[in-house]
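Structure in structure tokens, see below.
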Amino acid sequence: MQLHFTRALGALMLGSCLIAPATAADPVKIGIAAPLSGGAATYGHDVKRGAELAADKINEKGGILGGRKIELIFEDDKGTPQGGVAAVQKLISVNRVNAITGGTNSSVVLAETSITRSRILHVNGAAQADAITDQGSPWLFQINNTVSANSRSFNAYITDVLKPKTVAYMGENTEFNKTVLELLRVSLKAKNIEIINVSTYDADTNDFTSIITKIKSLKPDLLYVSDAYPARAAQLWKQVRQLGGFPKEVTSPGVVTPGMMNPSEGAMDGVITGEIFVVSSPGEANKKFVDDYRKKWNVDPGKGNLVSYEAVILIAAAMDKAGTVSDYEKISKTIRDNKWASPRGELSFDAKGRATALNFYIQQVKGGKLVQIDQVKSN
Amino acid sequence: MHKTPADASTQATAATEFAVRASDIHKRYGGVTALDGVSLTVNAGEIFGIIGPNGAGKSTLFDVLCGITKATSGKVEVLGQDVTRMSPHLVARSGVARTFQRTAVFGEATVFDNLLYGRHSSFRHSVIGRIFRSPAYRNDHGAFEAKAREVLAVTGLGEDRGRLASVLAYGVQRRLAVAVALMSEPKILFLDEPAAGMNGRETDDFIALIRLIAPGRTIVIVEHDMAVIKSLCGRALVVVDGRPVVVDAPDQVFKHAEVISAYLGADDD
Amino acid sequence: MPDLPTEAAMTAPPAAAIPTLAGAQGSRVRPLAALGVAIVAAVLFGTLVTNSFIVTIAGYTCAFSLFALSINIMLGGLGEVPLGQCVFFGIGGYGVGIGMIKFGLPFELAAALSMAVSVAAAALIGALTLRLTGAYFSIVSWGLSGVALVAALNLTDVTGGPLGMYGFPPITVASIPLANPRGYFFVTVTVLILAVLLLHAVRDSRFGAAMESVRQNRHLAQSVGVDIFRQRLKAFLLSATLAALGGALCVPYAQIVTPEIFSVGNTVDALLMVLLGGSQLLVGPIIGAVIFTVIPHYLELDPNVRILLFSTAIVLIMIFAPGGLHQISSALIRRFKRKSGAQDPR
Amino acid sequence: MDLLLQTLANGIVLGAGYAVISVGLTLVFGILHIANFAHGAFFALGAYVMFLMISLHVPYLVALPVAVAVVAIVGFATETTIVRRSLYGEGHHGSIIVTFALGQAMVAALLLIFGPDPHPVGSPFGQSTLSIFGLMIAGQRAFIFVISVLVLSGFGVWLRYSTKGQQILAVAQNPRGALYSGINVPMIRSVSFVLGVAAAGLAGGLLAPIVTAYPTMGHSTLITGFTVVILGGMGSISGAMLGSLLMGLANALFETYVSVSWTPALGWVLVIAVLLLWPQGLRGRAELYRH
């Protein structure tokens, strides 16, 4: 059904997309839809930085397809589905981009896929909701681990290594955190660890004292926090610290950024989390990426920067290998059939178009920096 | 037809049915007592004046009579029906119209639309009726046009029909206010300080207008300008400190000692 | 009443013809001619413009204009600022989402039902809030939209929770696929024109006149027999219906309904549209919507600079031309008339 | 039992924060009859000034008054350039939109200048925690509690006993009367606006160490402020205090004993309930919102 209808859409719009055949000299345009205004703008920043570094790298090497440079075109998705649709529409029909990437907020990317499906190559960088790639779509790929992939690895660490007796959960009321919570429930149940409190708050909450007070009164062994928004998470951990903290403290994988640790002013020290990327992880590729990034932006890269970097690199490399910028059938096949170098090692994409990180790093905040304390095979 | 005090009083005795009857009205705002036991009877067809120094409670009484504010205690009857607790728009629909001191007209609308709005309570058509030009709509329409022509003629606003009310001269706005009131074909017309701020000529024109529309109506006027009261009213009620002092022919009331003292005492504008 | 105005215009001095802020005046541009122009323009646009982006955006703009119109019923009609109007916009969106995805209803039916639900909700909310005026009304209605947002987030079984309703079957109206940009545009523009016709009739009806009289001078209106609360409620119900319709027609565009649809941001956008176009002109909100949605896509500006400019524009408009562009243009026209020796009004 | 006591303590401390936020809002509404939707933006401005001061190594207690002063100056500029020109006299209609747009503009400006990321604002009380008979109270919150009690009581005294304060009350009661009795009403209005906005700045400076400084931080603050102010009765300062306390306790209790995820709705439900019972709010006066 869905596919059928979007075919119609694709067919109808293709006409307007493929006028004016490109010559070898024209740049290859990559459209990036990301939140550049409003509350989510901080994620948009991450995307922008990573992508621009990638473009620089490719163009230094003389571009792709015998000298065609990469040109990035940014459009604000305003962090809303409507904004995302408008941004992608414009990138495709007005800017005539050859591929779409960016995207940080799951519901936004989900809306965007209804436009890009069967119409243009769409590589989703950061957004983690499984729903995005669940239906599977021939020209849609995802760089970042899905929530479930991340949680499986991280929860395994909690249940097998940390081995808490009781767990309390608090997190923002979003799709991402809901999924995290569901998966946590499942894995804890399997090892019959009791989850003694669940508190989900909404986006405008900035006082957590009563929640924390209540949880403390239940004396849990481990506090599991799931909040991806830096400003709020920082406040939350400060307040946890001020009320005495908990024996074991973990936060959902894939959300801890420098932008979260700095404002927390050390309050996050000791917190354990998991990530598909860590600055200090071994490997030449990773070291080079981190150095380049530091050189360009003189800060440490985070996961958000990495995935948008990888997305641009992947698009360029795949187009180069497939020898086309518009035959998405061919490009997609190329992506599926090959392994792709990345700072994290070689990425490969499954039938649903999802890349799964080779390694999953367990990290702990120490002195306001993430330090790797363990490494589990990503599954 | 101009009423002299004489034939007013004869009519007062002759008339059996009344237009407005208020009995023992009290009105308190928090601690302040604005009206303290006012009773009055306005006979059908007369022009009745309410006068008194500033802050005597004239306007409060006026608002109570035409249902805008509710009395704390007491009873108000208009045209034989008890309106003491009736909501203002229903009082209006029962044949009572009024003008205001300040917010007199619909400023952003043309004179013509002012009349249109004034006609509200006698319209019957619905939006659907409007779309399909239902009989109800066409009736309203015809009746309105006829009435509008008549009122425009009476009030001499024909020339200004297309103008914005807010750009009209003050005196003209006052006539428009009366015109709006007339559109609902009221049996009783309350005029709240109609001549306030008018120059001599405007006042004379206005008095003429009131005389013109008086026949077949009861009119109640609150007014500072004694000239207006004297030349229009058959009887007038003097209110002082929320209490009724005397009801009599205008030139008689000023013979009353308490009235004199009150007026000398109060600094009237 | 259309005959009266024209009749008035004929016999009245030329002053009557000058455009003003008065509601009834706004509708005195020969309605049929305007209608004809609108239809022709729509047809030409829909057939000649090939850029699918522009056509789609145009369709979405028409759909969102319905919401702007509904806001203007409250703003231009009652003089209230309905910050919570997005509640009804959201009901429209979720109505379609739930109707089509959970119950497999056709789009038209789902939209109709959502409008019905919206009216019911409006009756309830109106009974609670319409006795409040000014800031009180605005803030409380805003609060209700906040409640709606929290509900949409938490009632996962009904609303699909934070990720909302997505994965729609092909949406068609009268078997026109709305996935097709042209189809979408023609459907929304038709609905929009019909809505404008309805509002025009309302404005000239007894109800419209009463509403306008309440806005201009509620005490006088009351004294000529207008039941203020009743008029306010009727206006509220009408606006809720339009808002829901707009919300429903926005769904085919984004293909997803999320709790953000209840965020005050939507209301604010619509408010800005109304103010840009002028709240006293019947089609003002639509003009505003066009400006508001089209221009940003061609201003290559940092989005935050854009917000800064738009907000500043609004402040300036409110200070110097509360009637919006409509007022500015008519002022210019008047000046031009004076220059060209036309009779000076007044 | 401990939990209950701790919860009540949290509620009261929370309420103190609300009080600082809402006092300015209610003052501006009481005197100017403007619902200042830009209040949240001024709150954010105050926080950012604190952030700048702190990063320039100005001690917190010195930076706080500076922040208040800066916000007050901006407020005065706003009053003379925008508020005075457009909003006085006319109904709420214009004021709501202008202040809303103004707020949006300010937030966008902050975003352009400081970027979207949250900035830490250090405070001597930031990390410490008071424990009074087993009740834990974060240092900064205790500080906020003290300051808000001092400032608010001081403000109350000033209103009651200073000439200007009494003039303000007079204008709030009856602008026309005040005008006749020779009070310089326009001046009183700008004073009140500046005071109200400065209070927002103070709130920003006080809460920044807890919530960090980020451009959209004023949004939730504004919502809280309005719920509290309506609950207490717009324009009534004592009402705002009462509302803050109630809302603080209600939120704390509800979050602890009922449901966290529905808490945001609680405030509005309370507001509507109160408005149905007392149409002017708990301590409000009818004429404040009569058309």
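In order of appearance the chains are A, B, C and D, and numbering begins at 1 in each one.
Note that a contact is a pair of C-beta atoms (placed from the backbone, for glycine too) under 8 Å apart; a residue touches a chain by one contact, two chains touch by 3 or more.
This structure is a prediction, so every number in the text was calculated from the model and none was measured.
S.K.: Compute per-chain Cα centres, compare each with the mean of all protein Cα atoms, and return the closest chain.
M.R.: When every chain is reduced to its C-alpha mean, the one closest to the whole-protein mean is C.
S.K.: Which pair wins on C-beta contacts, B-C or A-C?
M.R.: Of B-C and A-C, it is B-C that has more C-beta pairs in contact.
S.K.: Where the centres are mean C-alpha positions, what is the separation of subunit B from subunit C, in Å?
M.R.: For subunit B versus subunit C, the centre distance works out to 40 Å.
S.K.: Any idea how many Å lie between the Cα centroids of subunit B and subunit D?
M.R.: Each chain reduced to its C-alpha mean, subunit B and subunit D end up 47 Å apart.
S.K.: What's the distance between the Cα centroids of subunit A and subunit C, rounded to whole Å?
M.R.: That gives a centre separation of 37 Å.
S.K.: Indicate the whole-number Å distance between the mean C-alpha point of subunit C and the mean C-alpha point of subunit D.
M.R.: 33
S.K.: Among the residues of subunit A, which are close enough to touch at least two other chains?
M.R.: 37, 41, 173, 202
S.K.: By the touch rule stated above, which residues of subunit C touch at least two different other chains?
M.R.: 150, 153-154, 302, 304, 307
S.K.: Any chance you could list the residues of subunit D touching two or more other chains?
M.R.: Within subunit D, residues 108, 111, 223, 261, 264 contact more than one other chain.
S.K.: Which chains touch, pair by pair?
M.R.: Every touching chain pair, ordered by label, is A-C, A-D, B-C, C-D.
S.K.: Could you pull out which subunit D residues touch subunit A in their complex?
M.R.: Residues 2-3, 6-7, 10-11, 13-14, 17, 108, 111, 115-120, 122, 126-129, 136, 138-139, 141, 210-212, 214, 216-217, 219-220, 223, 251-252, 255-256, 260-261, 263-264.
S.K.: Taking the complex as given, what residues does subunit A use to touch subunit D?
M.R.: 37-42, 44-45, 170, 173, 199-202, 204-207, 209-211, 213-214, 217, 230-231, 234-235, 238-239, 241-244, 259, 262-267
S.K.: For subunit B, which residues count as touching subunit C in their complex?
M.R.: Residue list for subunit B touching subunit C: 66, 68, 87-90, 92-93, 97-98, 100, 103-110, 112-113, 116-121, 123-127, 129-131, 137, 140-141, 144-145, 159, 161-164, 167, 180-181, 183-184.
S.K.: Where on subunit A is subunit C touching in the complex?
M.R.: Where subunit A meets subunit C, its residues are 1-2, 4-6, 8-9, 12-13, 15-16, 36-37, 41, 76, 78, 80-82, 84-86, 89-90, 92-94, 106-107, 110-111, 114-115, 129, 131, 135, 173-175, 178, 202.
S.K.: Enumerate the contact residues on subunit C facing subunit A in the complex.
M.R.: Residue positions touching the partner: 50-54, 56-57, 60, 149-150, 153-154, 156, 161-164, 166-171, 177, 179-181, 250, 253-256, 258, 260, 265, 297, 302-304, 306-307.
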